[in-house]
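In what comes next, chain A is part of two complexes: it sits with chain B in the first one and with chain C in the second one.
So, the complex of A and B:
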C-alpha cells in the first residue's frame, strides 16, 4: 500500500468521527426547536448550529481529500509527490479543528472587535471559523492541491480525470478566500458569500465528487475509462454551463438588480439536467451488472449518491428556485429541507461509497457484504428522508403562513409557532434525527469491525465461498 | 459518431465553462455598481438620520423601501462619516455574536428566529414606539431580550454602545431595496 493510501485511511477515520460529532450537534440543534429554553444563555442555538454545519463542511472536505489520496497513486502509478508534508498537515488539520471546536464550545462569542474575528468567531454562516484557522485550512488545501498537481506532472499521465480535477481545485481553493473579508454592506457581503457557498456546492464540489465517483466506478464496476471520462466531460459542461449563472437564484432579494430574477431562475432551473444524466448513467451501470458487485455496500451507496443528488439537489432545489416561489420559500425550513437532502445525497453518500471501497481493499475482503451495512443504509436513509419530509411540510407551512400571509414580521414568526403542521414537523424532524443517529452508530460499528473482529468470513457471503 | 468521442465533450465542457464565466464577470461588474453604498438599491449610511418606510407601490407591483424626511436616531444627527463608522461597528457586533446563526438577513442565515431585514420597521416597534423612541426601545431589547413568542432570544451581553451600533445597522438595512422581499410586510397588521 502507498503512503498516500495510508494517509487516506487516516482522513477517512477523521471524517467518520466528525460525521458523528456533526450528527450529535444536529440533534441538539433540532431539540431547541421543540424546547427553546434548552441551555438558554449557557449554550445557545446558534453555537450548536455553528458546530453542526462547520463539522459538516469539514468532514466532507476530509472525505474528499481522503478519496483523492486513496485513488491518486493508482491513477499516476507512483507515490504522491510531497506526501511527507501532507502527512504532517493532516495532524495540523486535526489540531486546528479541535481547537476551533473547543473555542466555539467554551468561549462561543466575543466583543464586537476584530479580535473576535481573528480568534473566536467570524459569524458568517458555514465559515464561522476564526481567521487564524481559516488560514490554516488554506495551507492544508494548498498542499493538497500541490500533491495532486505535482504527482500528475511527475507521472506525465495527463488523464482526463486528473486534468478536470486539477482545473477544479484551483477555483475551489480561490473561492475559499471568501472566508476572510468583513464587509459592512450586507448586500455586498452576501453577494460574495454566495460565490463561496453556491460555487462550491453547485459547481466545484460537484465536479470534484464527479472525479471521485468516476474513479470509484472504474474501481468497483470496472467501467471503461473512455465512457467514464466522456460522462465526466458531459457533466462538467452541463454542471458549469447551468450552475455558474444559476448562482443568480441567490441574488433575487439581497439588493441586487432585477435581471437576476430572470437569469438566476432560468439557469438554475436547468441545473437538475446533469444530475438526471447521472441517475441514468447509474441505472445503466446497475443494469449492466445485474445489481451485483463484489462490494455491495459501496455499490448501494453509489446508487444512493446518484439518486440523492438528483432528488435532493435537483428536484428539491428546483421546487423553490423560481423567483415566484422563492419570494415566499426563501429562508424557511423549506430551504433547510433541500439543504439537508442535497448535501446528503450529493456528498455524504459519495464519501461513504469510497470509504467502503477502501475498507474492502485494506482488510483483504474479496467480497464485501453482511447485515450491518444494510441496517445502517436503511436507518440513515430513512432518517434523512423522514427529516427532509418533515422539514418540507413545515417549510411549506412557514412559506404560506409566515411569509405569504403574515408578511414575515415578528408577530408572523410568533404565530407560526402555533401552526400544527409546523410544530409537528419540528417534532418529526427531531424523531427522524434519532433514527438517523442510530444509523450512524451502526455505520461506525460496521466500518470499524468489518473484516477485523468479525472476520472476512462473515463479510463474505456463502455463495461467494462456493464460487 | 462524434458524440462517442470524448474530445467532443471536452470541447463542450471547456467552452461552456469559459462562456458562462465571462458572462458572470460582466454581470458582477454591473451588479457591484448597483449594490455599492449609494448605488441605486443601497442607500448611504447617513440614511439613519431619516424616516424609512416600506410599503406596496402599485406602479412597481411590489413593496418598496423609501427614505423620507428627517427622523433622528438616538436624538442625534450623524454626519456621513459618523454614520459609516457606527454602521460598520454594528456589522462587527453582528458578526461577533453570530446573529445570523439564529436570524436571517435578507432571508439568509438560520431559521430559528425572525427575519431582520425590516426589523426596524416591525409593527411591534413601529406601533408601540413611533418616531424617536424606537431606537432606544430596540437597543434595550437587544441588550436584555424579552420573550413574546415560543422561541426566546438569549442575552448576548451587548454593551449599550454595541447595541446602539446594531440598531443603526438595522435601520440602514431596512432602507435597502430588495425587489420586494419580504412581500406583504406589515400588511396583516394594517388591515
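So, the complex of A and C:
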C-alpha cells in the first residue's frame, strides 16, 4: 500500500469522526427547536448550529481529500509527490479543527475587534473559523493541490480525470479566499460570500465528487476509462453550465440588481436536467451489473448518491427556486430540508462509497456484504428522508403563516411557534434525527469491524474466498 | 401571489420534477430489465408530468417567462432519458468495439440488446 493510501485512511477515519460530531450537534440543534431553553446560557443554539454546519463542511472536505489520496497513486502509478508534507498537514488540519471547536465551545464570540476576527470567530455564516484557522485550511488545500499537480506532472499521465481535477483545484483554493474579507456593506459582503458558499458547493465540489466517482466506478464496476471520462466531460459541462449562474438564486433578496431574478431563476430551473441524466446513468450501470458487485455497500451507496442528488437538489430545489416562491421560502425550514437532502445525496453518499471501497482493499476482502451495512444504509436514509420530510412540512407552514400571511413580522414569527404543523414537524425532525444517529452508529461499527472482527459470512477475506 | 397559491404552485413544481424523475426511472428500468410493460408506466408518468405542466401554465400566477421555461423543460425532460440511454449504449458499444480491434459500430435502435449480450 502506498503512503498516500495510508494517509487516505487517516483522512477517512477523521471524516467519520467528524461525521459523528456533526450528527450529534445536528441532533442537539434539532432539540433546541422543540425545547428552546435547553442548555440556555451554557451552550447556546447558535454554537451548536455552527459546530453542526462547520463539521459538515469539514468531514466532506476530509472525505474528498482522502478519496483523492486513495485513488491518486493508482492513477499515476507512483507515490504521491510531496506526501511527507501532506502527512504533516493532516495532523495540522486535525489540530486546527480541535482548537477551533474548543474555542467555539468555550469562548463562542468576542467584541467586534480584529482580535476576534483572527482568533475567535469571523462571524460569517458557514465560514466562522477565525482567520488563523482559515489560513491553515488554505495551506492544507494548497499542499493538496501541489500533491495532485506534481504527481501528475512527474508521472506524465495526463488522463482526463486528472486534468479535470487539476482545473477544479484552482477554484477550490481560490474561492476559499472569500472567507477572509471584512466588508461592512452587507449586500456586497453577501454577494462575495455566496461565491464561496454556492460556487464551492455547486461547482467545484460537484466536479471534485464527479472525478472521485469516476475513479470509484472504474474500481467498483470495472467501467472503462473512456466511458467514464466521456460521461465526466458531459456531466461537468452540464453541471457547470447550470450551476455557475444558478448562483443567482442566492442573489434574489440581498440587494443585488433585479436582473438576477431572471438569471438565477432561469439557470436554477435547468439544474435538475443533468441530475436526471445521472439517474439514468446509475440505472444503466446497475442493470449492466445486474445489481451485483463485489462490494455491495459501495454499490448501493453509489446508487443512493444518484437518487439522493436528484430528489434533494432537483425536486426539493426546484420547488422553491423560482423567485415568486423563493420570496416566501428562502431562509425557512423549507431551505433547510433542501440543504440537508442535497448535501446528503450529492456528497455524503459519495464519500461513504469510497470509504467502503477502501475498507474492502485494506482488509483484504474479495467481496463485501453483510447485515450491518444494510441496517446503516436503511437507518441513515430513512432518518434523512424523515428529517427532510418533516422540515419540508414545517418549512411550508413557516412560509405560509410567517411569511405570506404574517408578512415576516416579529409577531408572525412568534405566532408560528404555536402552529401545530410547525411544532409537530420539528418534533418529527428530532425523532428522525435519532433514527439517523442510530444509522451512523451502525455505520461506524460496520466500518470498524468489517473484515477485521466479524467472520466470513459478513465479509469474505481473500484467503477464504480463494480456499 | 396569495399564500395558498404559493403553496400550491410550489407543490406542483416539486411534482413536476418528481414525475420527470419517475418517467426517467421507469424508462430506464424498462430498457435494462427488458420489461415492455414498464414503458407504458413510464409514459403514463410523463403524461402526468405533462398534466402538471399544463396546470402550472394555466392555473398558477407564475410570470409568463417562467411558464415558457417550464414548457421548455417539459419537452427537455421527455428527451433526456432516451438520449442519455442511447449515448451510454453507444459509448459502451464503441468501447467494446475498440477492445476487440473492430471498427466502432454506430448507434442502434435497440440498445438493450447490448446489455443482454454483455450479461
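Convention: the second predicted complex is superposed on the first by the 457 of 467 C-alpha atoms of A that agree within 3 Å, B and C clash if a C-alpha of one lies under 4 Å from a C-alpha of the other, contacts with A are read in each partner's own complex, and residues count from 1 in each chain.
Definition applied: a residue touches a chain if its C-beta (ideal position, glycine included) is under 8 Å from a C-beta of that chain, and two chains touch if they have at least 3 such contacts.
Everything numeric in this text was worked out from a predicted model, so none of it was measured.
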* Asked: With chain A superposed, do chain B and chain C clash or fit?
  -> fit
* **Partner, of chain C and chain B, that touches more residues belonging to chain A** => B
* After lining up the shared chain so the two structures overlap, which partner does A:404 touch, if you call chain B first and chain C second: first, second, both or neither? -> both
* Determine, under the contact definition given at the top, whether A:185 touches first (chain B), second (chain C), both, or neither. => first
* Asked: Thinking of the overlay built on chain A, is A:328 touched by chain B (first), by chain C (second), by both, or by neither?
  -> both
* Structure fact -> Geometry row: CA centre of chain A as apex, chain B and chain C as ends, angle in degrees (steps of 10) is 100
* chain B versus chain C as contact partner of A:374, first or second or both or neither -> neither
* Between chain B (first) and chain C (second), which, if any, makes contact with A:363: first, second, both or neither? -> neither
* Asked: Which partner does A:226 contact after superposing on A: first (chain B), second (chain C), both, neither?
  -> both
* May I ask you to decide whether A:253 touches chain B, chain C, both, or neither, giving the answer as first, second, both or neither? => first
* To do: State the minimum pairwise Cα distance, in Å, between chain B and chain C in the overlaid complexes.
  => 5
* Please write out, lowest number first, the residues of chain A touched by both chain B and chain C across the two complexes. => 226, 230, 234, 327-328, 404-405
* Contacting residues of chain A [partner chain B, same complex] -> 32-33, 36-37, 40-41, 44-47, 49-50, 109-114, 116-117, 120-125, 128, 160, 164, 182-191, 193, 226, 229-230, 233-234, 236-238, 240-241, 244-245, 247, 250-261, 263, 327-328, 330-333, 335-336, 398, 403-414, 417-418
* Structure fact -> Residue set of chain A touching chain C in the complex reads 224, 226-227, 230-231, 234, 262, 265-266, 269-270, 272-273, 276-277, 279-281, 283-284, 286-288, 290, 310-311, 314-316, 318-320, 322, 324-325, 327-329, 396, 399-400, 404-405
* Which positions of chain C touch chain A when the two form their complex? -> 1-3, 6-7, 9-11, 13-14, 16-18, 20-21, 24-25, 27-29, 31-33, 61-63, 65-66, 69-70, 73, 76-77, 80-81, 84-85, 87-89, 91-92, 94-95, 98-99, 115, 118-119
* To do: Going by the contact rule at the top, pick out the chain B residues touching chain A in the complex.
  => 4, 6, 9-10, 12-13, 16-17, 20-21, 23-24, 27, 30-32, 34-37, 41-42, 84, 87-89, 91-102, 104-115, 117-119, 122-124, 148-152, 154-156, 158-159, 162, 165, 173, 176-189
